[in-house]
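Look for chain A in each of the two complexes below; its partner is chain B in the first and chain C in the second.
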Partner chain A sequence: MSYQSGRMGTAEGIALVFTMTFTTIFVTLPAELIETSGELGWISEIASGLSTMAMLFLFIYVFERFPGDLFYVSTRLLGKLGACLISIYYIVMFFSVATLLIRDFSENTLFAALPELDFHLSVGWYALSVAFLLYFGIEAIARAAYVILPFSAGGIILAFALLVPHYKPYYLFPWQGTGMTNALIKSGVLVASNAAAPLLAVIAKSFQNIRVLRAAAIFGLGGSMLIKSTSILILIIVFGPSAAMERTLPFFEMTRLISLNRYIQRIDSIFIILWVIAGIFGITISLYMGLYLITRLVNLPTMKPLIPIVTLLLAQIAMIPPDASSVRALEGILVKGYFLIGIYVIPLLLFAATLLNKKRGTKCASE
Partner chain B sequence: MRANNVITNGYYFLKKLLLYQPPSDPTPFLEAFLRYAHRVIAFLTKANMSLSQGHYSDKTKNLKIEYQALEKQQSELEPILLAYQSGQGVLGERSLSTSLEENRQIIESLYHLPLNKDIVIREIDIASDPLVKAMAIFIDGMVDTKIQNLAIFQPLMLLGSDQRRLYDGDLVDNIIRKYLPTSQVQRAGNFAKLQEGINGGDTALIFDGIAEAILVNTKGWEHRSIEKPSTEPTVRGSQSGFTENLRTNTTLIRTIMRNSDLVTELFKVGQRSQTTVAMLYIKSVANPQLVAEIKRRIQGVRTDDLESSGTLIQFIEDHPLLPFPQSLSTERPDRVGPHLSEGRIALIADGNPYIHILPVSFFTFFHASEDFSLPFPIANFQRFLRLFGTLIATVLPSLYIAISYFHVEALPTQLLLAIAGSREDVPFPAWFEVLIMEISFELIREAGVRVPGVLGTTIGIVGAIVLGQAAISAHIVSPAVVVVIAITGLASFTIPEYLMSAAIRLIRFSLLLFSTYMGLVGLATSLLWLTVILCSMKSFGMPYMVPIAPRTTAGFDVVVRGPVYSQKQRPDALNTIDQKRQPQISRPWKKKQPAGKEDEE
Partner chain C sequence: MRFRVAVTIMLFATSLLITGCNGAKELDEVGYVLTVGVDVAEGDQLDFTYEIAIPRALASESPGKTNRKATVTFVTVTAPTLTEGRNLLNSVIARAPNLSHVTTFVIGEGLARKGLADILGMTMRLRQFRGATDIVVVNGKAKDFLLQNTPEEVLPSRWFQSMLSTGVETGYYLRTSLHEFYVRLKSRTSAPYTTLMAINPLNGEGRSSDPAVSNDNVHDYLPKDVPRAEGNPATVVGTAVFKGDKMVGMLPSEETRMLAMLLGNYPRGFMTMTDPLAPQHSVNVNLRLGRKPKINVNISGEHAVISVNVFLEGDLAGIPSGINYESPENTRLLNQQISEIVRQKMLLMLQQTQEWGADVVDFGYYIRPKYATNQEFENLHWDAIYPNAEFNVVVTTQIQRTGLMHKTSPIPSEKIQ
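== the complex of A and B ==
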């Protein structure tokens, strides 16, 4: 088809990481952070972003020495069994993220955009959209994410700017909230908003070089960290911490407040375009990562036949929890437990194995 | 008797496959030819013996009678051979014969003479010693008779003399070198090449006793002269447009790009139409891989007939199922020139005034021809206006439907009341109103294009005003919908490229469908799909959304147009041989003393 082959560059890398990690500002996560860290919620977000970034740099250290994707590198460092276990872990993790996002955004759609829509249709809509996009492959998805990125970031910043009349900076006081130590400790646990950041490791081979990975980690994760932290800060100074933690869809409710004059008022619906796009992107990318790992694990030539089956399966799973609160409970279990392995344990494990390998290599060379 | 088992059967099958075995029962046609061949051999042996014995007077008479009998038999067999060969479909692939009569019969058979009335076979005698019998074959109407008379018939028939000996040496070479005062001649050894020349307006000359023909360039059919481009008007810039004649078009490009590196490669596409396709590129700039790829695709087209350059593009483009154009079509030579110098390729099909430029990016379709002549702030303003127009043309009706159906709270109360008031008497849902108006608009547009001349524009304007007014008065549609559709229609005309405009119109309908059922959620989803589709597309191997996705160096004239002196690089995505468009300092005069300064000193 093409006479020139291409690999993903810095722009695509940044867009993928940013899109995957900033999506959580459209769900309840900011409210949950405020609940745990109070007025220091925004600091928690920064700390959580920085700790994830540090873990990503551990991955990058590993990939600098062993070029390839996660499956290949894990096989080299931990053997076939270790690679299988890591792959299965991440498959479950990415599919969980995708399932939770399907459910969250379907609920959002019912709550904020189409209240009369059937719940199954809402879930089905997201599943269908995602399945269609997956057929175009990660390169097209990443490029589209990059095209949309300025509009997404610009839209959010615009919303923050239009909320200026509602800012009450004194809501930030007492500024230490539930305490700095508590905020920092909780930030380590509440890294769920960055759970999908290891995608850089999963498809490391698809990027041009290690510099791309580094730039994606710094600017992609850094950008989303800033946006999320600002969003929490503004949520606090608009609603106050006690009211903010009760908001189910904080971003949507913030945009609902925008009222500059009789022409610019109640423009929350305009932002529907923004969060629907972000949601679909988030689900698509997580699903792609899971499918990619399956194809690598069982050595399949293509993932295309898996797309409809897996999407349908995840859509069905997303419909199982009876209500939003049970989804929150499930999310809590995953965030505080399962996702931590992918963010902290596996990068550390691979890093240690690399060091060990390096030491052994040096020893051999000296011998 | 052979044993009937697998091994024996396999052995005989392989033997049959690999070894030639003469047919056990040759056809009567072959028998006749074999008999004739035997007679010729016998005659030659007899003649040889007689001549070597020296009894000329006795045997010559008998040999003469025998020779005449052989000639008669040959003339009887020739039609059978021709009929057999034409039945086999190999007549066109045959080499020319030394017999003028045989060549004539083959040509008559190839061109279905005397049924075919515009093929002319003109027999001539060329004065020489001995006399040269020849014939000229051409298609009436495709040749310039003046050139033909002056450059072929006059020198061969009138200016010859009995003293010249054309058969001495190479007759074809003699005639080409001494007696054909014309710029282009070719030698043809087979009927395929002969047909190609005749069908292309050449006059073919065949001579008795020579198995070769001369094709003299006498092309001279009627064609439209260079006129103003009808679909790409411009405020500034050149006013000449391409025509249907390939050579005129290549010349127009050459007058703009006077460069010895500009290469024009020709191909024949279409087994029956044999349409000439020209591929133009600057050899020292264009990516050789791209050139090779386009050549490979053109040569790989198998079809009977190539209607236009647009058909060719559909055969060779990357995504023929998507509505978005993957090459830029233009009828302006001044648009082709800059694209060639950027490293792109131009394709011209004979008989079509639209030249296709490739590969292109999505943003190329929002460039107008006068952009090159305008100061960059004005050019950029117009480009952004066009992009804004495209956005409006794509989403406005769907946005109206989504908001008025599902998200009315986004509208200011007074506007909402005004819309609700205007819709009060309309019995149809808003989506149906929009659909009626969209279809009406499309009908008016299509009718305006099809109705000839000034009448088309009149019908367009009158149709729109009358229909719009009548539809409001009859309470079929609300005034708000008319305004929305009018703005959408107007915005769609800001897209300079017709094909892109058509694609946007088509996309608009699907967006409308999505937003009717899912409001802004549907609109967002469809916009996202559209973006991903666009990002997955390639124009002849080059990503369609460059320089944004993937991010490449644009060369300062893809999305935003910089000042001319800052356009130092060619677009990175084209992977040109020479990346530099102009030196780092393109205005060295800025560094020198102003001319007036000398006076001051």
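== the complex of A and C ==
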């Protein structure tokens, strides 16, 4: 198998971006967003999605002028050193996302589904599944993600519909929550929940054309933004802001509340399957992006030998934080700091370099 | 080739893991707790009464002969917390206690008045308990209630579920889940409430309060006071009202019905009142909410004016006087009387909750859109405003159907004589 992927279309692009960005609704992030933005949390999520989309369009602008993948384009615009630094940054970022997701979903599995399972086995099982999927390559992963996408989105919408008896819409008020300015600033910071969205840039060459990138950014990120925002909105109107911000696994808690009658109740186990699949795909795609960048950076012919080593390494790293609180603290540091560079700084840098390059080109032509 | 081997190993490993054998327990190794009763005990201790299913009895070949005593067993342990109670339970029964099938939390009145914060914290945090689990308060001790409750259902937990789901037939009690209770507890404005139950003395003598509203023929009952004899002594009527996590009072049957109307949760219920044209008789109607009540709260300074508009629809259910209430003029008269009775009863219920300082209807919920930020909303201090709020209650009733009789003709007077 070669890391040189084929020509993926719109469906695969949408599936990759959607899967990588919507998985955060299954972890604590929605509750944290309500804690920081209050009743305005759902709008913060939209603002966060839109600002990420804007940054993706900066990437697309760059790739329109310089076709290729992130490594190639950054080499052309910023030189070898710049490309190396950017690649190393994104390798660390994607591996951090993968590591955090491994830990989060392992903990969630222990907490929600298999409380008697050994922690190491839980982490190991996720790592094994991910490594197995990686061998199929990004096209197969993207197509599989596309196949499960309607089931994921449909399942989530069904859960929201079954919660209708619990809706209390006025819990969305006071509508500005902790304050509009505060919410917008927080949304700018929490934009990093979409940290993996630049995957479009990393493997830009694998997509058929620039239109595919555009569609993936709009529909993939847009769909994920809508699902996440709706999820936060439903969480607020079901739990009320005060109780919602306390929840460790808000989506799981919501599905546990479904109890329409004697026959439709205790159906949370169905949704556990949904978030486990979403989690595995999320980890797989992040890991692939990191591995892809390594192979590009050191010019390897294939990433295959790296798969077991890196997966094992990340699984080990995922087990280092001593407790769930430490993981959340680490997530906070990464989300509010490190991940912002990949979302804001690098796209702006490449965009500026493109403009500068264009200007120089025009100048040279006129001379 | 190597890939195929890997896939085969993977599938084989998966098939082993998904069989459910890993960590599985046989049915007779698990003690499925169906109901948990909690009472205050001496010191800082609590009495936990567990109602545990006996699966073998449920699987009996002659289900008709299966009785309640054979299907459940009771264990009471005294412990400081819910988790320690579970630990002790494990030392008492030969099965591993499993609390994930608990359908109802039965709280004794003593504990409810002392406060539920300690218990609730654990129920919301531990995976075994669900937000959908029902919570009820017993006027008395939870342990006594569980032991003396002798339902016709084979499983007492099924009795709880059936009983609580049929509250909508009358509006005399409202089903409450742990989730609803907790959300209200955490809200800045609302007071939590639960269903009220008790063991009735079955002496056939009720101790109801007389109707407080003129032309109303219905007595208000708490569960112990319902005039009844024979059968299962467990009786479900009324609402336990909390301020914060502490119970502050009990709303009897009719007041609970008024609460149900204001909560927009009153699908139907019969109402009996004095016949407007023949006061020696009564009139029966089957009432329901025509739409959700319209509630508007206006605040100026520290004073709140709460406007409530309730629209009731009804069907005639019985006119013993034989007066033709199907005629438009008489229907109008009846509509006016029903509206006035409901309005007065509603005001009495609201005054009672104001005395307790517990906004059980959650009128504060309706003022949320009037504030832009949390800070402004927090500065409102609704708890201090609610007890002095002024109510403008408007009730409109419309008798829509006359049942299977479109006109009542009186019984000939000579026959009555």
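By our rule, the second predicted complex is superposed on the first by the 361 of 367 C-alpha atoms of A that agree within 3 Å, B and C clash if a C-alpha of one lies under 4 Å from a C-alpha of the other, contacts with A are read in each partner's own complex, and residues count from 1 in each chain.
Here is the rule we use: contacts are C-beta pairs under 8 Å (C-beta built on N, C-alpha and C of every residue); 3 or more make two chains touch, one makes a residue touch a chain.
Everything quoted here is computed from the prediction, not taken from an experiment.
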item: Touched partner set for A:Phe132, first chain B, second chain C, both or neither; value: both
item: Touched partner set for A:Phe111, first chain B, second chain C, both or neither; value: second
item: Partner chain in contact with A:Glu12 - chain B first, chain C second, else both or neither; value: first
item: Touched partner set for A:Ala98, first chain B, second chain C, both or neither; value: neither
item: Partner chain(s) touched by A:Tyr263 [first = chain B, second = chain C, both, neither]; value: first
item: Partner chain in contact with A:Ile277 - chain B first, chain C second, else both or neither; value: first
item: First, second, both or neither for A:Ala140, with chain B first and chain C second; value: first
item: Chain B versus chain C as contact partner of A:Ile25, first or second or both or neither; value: neither
item: Partner chain in contact with A:Met303 - chain B first, chain C second, else both or neither; value: neither
item: Those residues of chain A which chain B touches in one complex and chain C touches in the other; value: 114, 117, 125, 132, 262, 265-266
item: In the complex, chain A residues that touch chain C; value: 38-39, 111-112, 114-117, 125, 128, 132, 135, 166, 168, 170-171, 173-179, 239-243, 246, 253, 256-259, 261-262, 265-266
item: Complex contacts: residues of chain B adjacent to chain A; value: 289-290, 292-293, 318, 403, 406-407, 409-410, 412-414, 518-521, 523-525, 527-529, 531-536, 538, 540-543, 545, 548-551, 575
item: Residues on chain C engaged by chain A in the complex (per definition of touch); value: 3, 6, 10, 17, 23, 124, 127, 130-132, 161, 165, 177, 179, 182-183, 186-188, 365-366, 368-369, 371-377
item: Touching residues on chain A, where the partner in the complex is chain B; value: 1-4, 6, 8-12, 109, 113-114, 117, 125, 129, 132-133, 136-137, 139-141, 143-144, 146-148, 262-263, 265-270, 272-274, 276-277, 280-281
